[in-house]
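Shown next, in structure tokens, is the structure this report addresses.
All chains are identified by letter, namely A, B, C and D, in their written order; residue positions are counted from 1 within each chain.
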Amino acid sequence: MLPTVNLRPPFNITRASHVVLHASDLARSRDFYVKIVGLVVTEESDGECYLRGLSEACHHSLVLVQAKGEATCRRIGFRVMFEEDLDAAFAWFKAQGLPADWVEVPHQGRTLHVADPIGTPLELCAQMKTCERLYLKPERFTGAHAQRLDHFQTFAPDCRAACAFYGQLGFRNSEYLAHGDKLLGAFMYRKGTCLDLAIVENAGPKLHHFAYIVPESHHIFTACDLAGNFGYAEAIDRGPGRHGPGGMLYVYLRDPDGHRVELCDGHYQTIDIEIEPVRWDAASLSTNVRWGLPATERWYFEATAFEDTPTIPPTQMPKPQTLETYIQQRAAVKAA
Amino acid sequence: MLPTVNLRPPFNITRASHVVLHASDLARSRDFYVKIVGLVVTEESDGECYLRGLSEACHHSLVLVQAKGEATCRRIGFRVMFEEDLDAAFAWFKAQGLPADWVEVPHQGRTLHVADPIGTPLELCAQMKTCERLYLKPERFTGAHAQRLDHFQTFAPDCRAACAFYGQLGFRNSEYLAHGDKLLGAFMYRKGTCLDLAIVENAGPKLHHFAYIVPESHHIFTACDLAGNFGYAEAIDRGPGRHGPGGMLYVYLRDPDGHRVELCDGHYQTIDIEIEPVRWDAASLSTNVRWGLPATERWYFEATAFEDTPTIPPTQMPKPQTLETYIQQRAAVKAA
Amino acid sequence: MLPTVNLRPPFNITRASHVVLHASDLARSRDFYVKIVGLVVTEESDGECYLRGLSEACHHSLVLVQAKGEATCRRIGFRVMFEEDLDAAFAWFKAQGLPADWVEVPHQGRTLHVADPIGTPLELCAQMKTCERLYLKPERFTGAHAQRLDHFQTFAPDCRAACAFYGQLGFRNSEYLAHGDKLLGAFMYRKGTCLDLAIVENAGPKLHHFAYIVPESHHIFTACDLAGNFGYAEAIDRGPGRHGPGGMLYVYLRDPDGHRVELCDGHYQTIDIEIEPVRWDAASLSTNVRWGLPATERWYFEATAFEDTPTIPPTQMPKPQTLETYIQQRAAVKAA
Amino acid sequence: MLPTVNLRPPFNITRASHVVLHASDLARSRDFYVKIVGLVVTEESDGECYLRGLSEACHHSLVLVQAKGEATCRRIGFRVMFEEDLDAAFAWFKAQGLPADWVEVPHQGRTLHVADPIGTPLELCAQMKTCERLYLKPERFTGAHAQRLDHFQTFAPDCRAACAFYGQLGFRNSEYLAHGDKLLGAFMYRKGTCLDLAIVENAGPKLHHFAYIVPESHHIFTACDLAGNFGYAEAIDRGPGRHGPGGMLYVYLRDPDGHRVELCDGHYQTIDIEIEPVRWDAASLSTNVRWGLPATERWYFEATAFEDTPTIPPTQMPKPQTLETYIQQRAAVKAA
């Protein structure tokens, strides 16, 4: 039931690379990502802060930009393999009638701004300034020791259409969530693990979350403890828990502007083409498929808008079992 | 505000030792404790199953007894240091006008059945048959690798009175929960860690839970994963989370009969008498003091009755912030 | 100083896939890999046992074959992306005057046997029968919970020549070990982590070890504990320790026939082409670059021969600092 | 074969409490214990630095004193339960003809200096200034997160005599090491775990090491990584490994003055008197009983002298299998 994937795509996107977020108070947000998530500041300048995970050699996987207005997401970035992939991408997006503009971005090589058909603002580049990997310097570790950016999850008003679009670009499906013939969630990858981009049907485009990998399961608890100690107990948006699709341990945090960041442990290797995507039936899907309480309504429905990007509602809004409806149902059962 | 502790008690209780529970289906309950919690079966006979943790040298810390009627808790057991402590205990309970009876219990030395003033059935012994500690035999490990029984938590209709009673027996307070002058929870120990017996004000006597120590934080997740895989996802009663009092990581599970078992990682050392008990203010206490969602109503109010033991309500029922009330409050705030 | 890497190789090898080893006692070796390493048996038949890691969806990453004579390594296997890559590989090896033969291999798609210029026997295929991933079934876990095959390390008499050969096939260098202009070790990858194939200069071709990833650092200790309990304490060949190149935690075990298997935790992500390989200077290299005692002579010099494959000595044998020479030096210093 | 233990000793020593060490460079040693071991500085003054573990409520478990001459150990400290235990101890030591002197020690209550029959300088007190436990403040954590002082290991020229002496004071044996009728090592405790004081037969009195508990096994690796990064790779004296007696995971480090500190994970609960001490046969004892290489000669024979305390050789020096003799034996076997 999944759309076709082009295994020989017109250009080679290799991985989720970085996200650019507005922050209403740059210092406060930087502290959140450094002290709780465990990112390191590569460079900080007037109105911008560049951060990376402990094992990342590239200059930034998170860019915080001082917000002037609403704290939206400016762009999500992907890497391509070669410079020539950028040219091929430019041509391809133009041929589709989609936006494609060359831009200058500090610390990155040639950079291309494009958008998918629903307007999700994407940034592609083939090179970035490099830095020392710090994953073997425990004397520098803070927070939950986030290692590297892993993936994005976005909302799209038509999950199948979005999945088909990214399938043309070579994004393959590791797992997916469906109800009958209706595709509700697509877990897609380029880099040989489960995920670079997860797309869930909901009013979009929006950024539901971006995720960093932490090295071991105990770091999930460390993130929670630090969130509590630094006044972000309420910012734990969901978890800790075990994912259904993908099966990772996770916790979701909301940063000071409400942007959602997930911390999860590593996942399995994909790569081989004979392996079938794993189907999850939405009818059986609560927030925690494997164990635990369902996610709250806010986890399901709140997400970060993209800058200057209107959102489109799906033809049918998702009706997941939330914590709120679960509690009501249990009360009703008890009363009966 | 805490009742006086007798640091030279009339007899020497050394630690929480074991719990005797009725099980409506012995094999099913044994499987739960072996496959999820990770206990080992020391011995199993007609209608009884004796289990212990991986690092325990004593014959049993959990006894499952085939229930004929309701699946209650028969008794909670404590160890005393010497045989003569049993005689002193007998005399002391008799002098208080409390029950005290010598009984024969398999695999234990001389055993004394006593009860506290509200009828909590206790069992004291100074010796038990010994077995091999299995904590260095990973080839034998199952479940969440529970190491040893750590503590009990009971309900008492008057927490202060119960705390005063056990204080006479030398139980010291590591931490406690109060609202103004009202004591709501007492975390008491004999063995030099935080806990052997926690007493919470509620209709009692009842057994709220008993707790086993797991070696590392990742075992908390293992317990959840196994609970999910063996059909006990709904049996995860609370957590994983981080305690306020004591500060342990925890998860609570309900066994097939609804008996609640906690798995938690280790805790700090007490012992020294100059250290003041830590006070927690109930006004600020939600289910997870440090982070996470409040506990559900069922976690606060459901507990195992003791066999043939009527319960007494407190003068005022506790009104904790539950997950249910929290969700309602949040909905109300949002609506406003 | 490294040979050129062809970033657009003639065919697309995607990853290290599997290893075929002779075992003088099949049941004993299977038990070793199941009970200590933690592999699962996918299938076992007359004289052959197919095993895989817990997160592997492919039928086998280790094949044990009942040895008739010497317990050699039959082949190391790599995956290619598409069936057509096999045809391209066939043509390419033939064009180089290297062996290339189509063979039938159970549970694999079309399979190609080739050899590199020094005779290392390689096996390529694009497809394998698939199985359930078991990484979320802790009730099935044994041993050290090995997740997936990660890489091979081979000996080659001329490391630079071997590195150049695999560079033509698109293997990139994450890190390398050199002494002045002399390349002594090349850590090469295809799959976007540090390693698929490490090549060290020594009499070869030989298989120094193959490596499985374990999920967390504590599993390294579990492997040691189980090795000890099952009578393989002497089989711990090196470690636990922290690698210099790559930086992984590791332990090396020798299986019942002396084949060496490494267990290591995960490693960093490579992928991006602007990142320079990390150079290690052999002059400063002891067995454990970061901490710990040097590796023993047997770790440096013992390796598994490939079936029917003569070995060629290097022009100059390596002279690493071994535990043996280190102990001697220390004794000499003390005596002086 | 073990000497009698007095289960109702003349005064109540409760636990190993603190150690006072000379440091030739106070700042360097403080950095070692803070950045690698993970202790926190409670207070630092002219020539003295007081440190404690993360979960300790008492003012200090390690006191570093600026050395004027040789960097010896000044004293090892134990806690007693009550002030009156100090008086009983004073009387008892005097009655034995052993030294006993009241002294003033900053941050401690009344303090008694005593010595055992071979001159090991001991310090007893019943109270200490208290501080905040920091074990739930990950934002303050450094190093290997050492939680609390666990035990001392000393050398005594006659292990059996020393064991008998401490047995009179109520120290019980969890495990012991013997060769035939000869006691070579006694692992003794007061606090209900395996160890407060281990005594090994060798020229003494000397302090072989003191040990801190780390929370989880991964912290053992963190200690090694930090030791390497801070220039103390050579200071890793033994391990990581798994103990025979006690069964803990461990690593031993040498501080800048060569004082040896062990980091180990937690151990099993003792307390019950019916449990027999575990015997280890020295004939089968290598450095790592369970797995790994034997310990080096320096680990076996180097130890910290006590200040102004002459050492006495044993009647027979121990002849353990060291790494050095093991390597020689293996070379001899190979040559044969």
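As a convention for this text, a residue touches a chain if its C-beta (ideal position, glycine included) is under 8 Å from a C-beta of that chain, and two chains touch if they have at least 3 such contacts.
Predicted model, so just to flag it, every value in this text is computed and none were measured.
**Student:** Averaging each chain's C-alpha atoms to get its centre, pick out the one most distant from subunit B.
**Tutor:** C
**Student:** For the pairs B-C and B-D, output the one whose chains share more C-beta pairs in contact.
**Tutor:** B-D
**Student:** How big is the gap, in whole Å, between where the Cα atoms of subunit C centre and where those of subunit D centre?
**Tutor:** Computed value for the inter-centroid distance: 42 Å.
**Student:** Determine the centre-to-centre distance between subunit B and subunit C, using the mean Cα coordinates as centres, and give it in whole Å.
**Tutor:** Roughly 49 Å separates the two chain centres.
**Student:** Nearest whole angstrom, what separates the Cα centre of subunit B from the Cα centre of subunit D?
**Tutor:** Centre separation, subunit B to subunit D: 33 Å.
**Student:** If a residue has to touch 2 or more other chains to count, which residues of subunit D qualify?
**Tutor:** 136, 216-218, 225, 229, 242, 290
**Student:** Across the complex, what residues on subunit A touch subunit C?
**Tutor:** Where subunit A meets subunit C, its residues are 7, 14-15, 55-58, 79, 81-82, 109, 126-128, 130, 133, 135-136, 147-148, 191-192, 215-217, 242, 247, 265-266, 268-269, 271-276, 290.
**Student:** Subunit C touches which residues of subunit D in the complex?
**Tutor:** Interface residues on subunit D, with respect to subunit C: 216-218, 221, 224-225, 227-229, 233, 236, 240, 242, 249, 288, 290-293, 323-324, 327, 331.
**Student:** Quick check: in the complex, which residue numbers of subunit B touch subunit C?
**Tutor:** Against subunit C, subunit B makes touches at 35, 136-139, 216, 218, 222, 225-226, 229-230.
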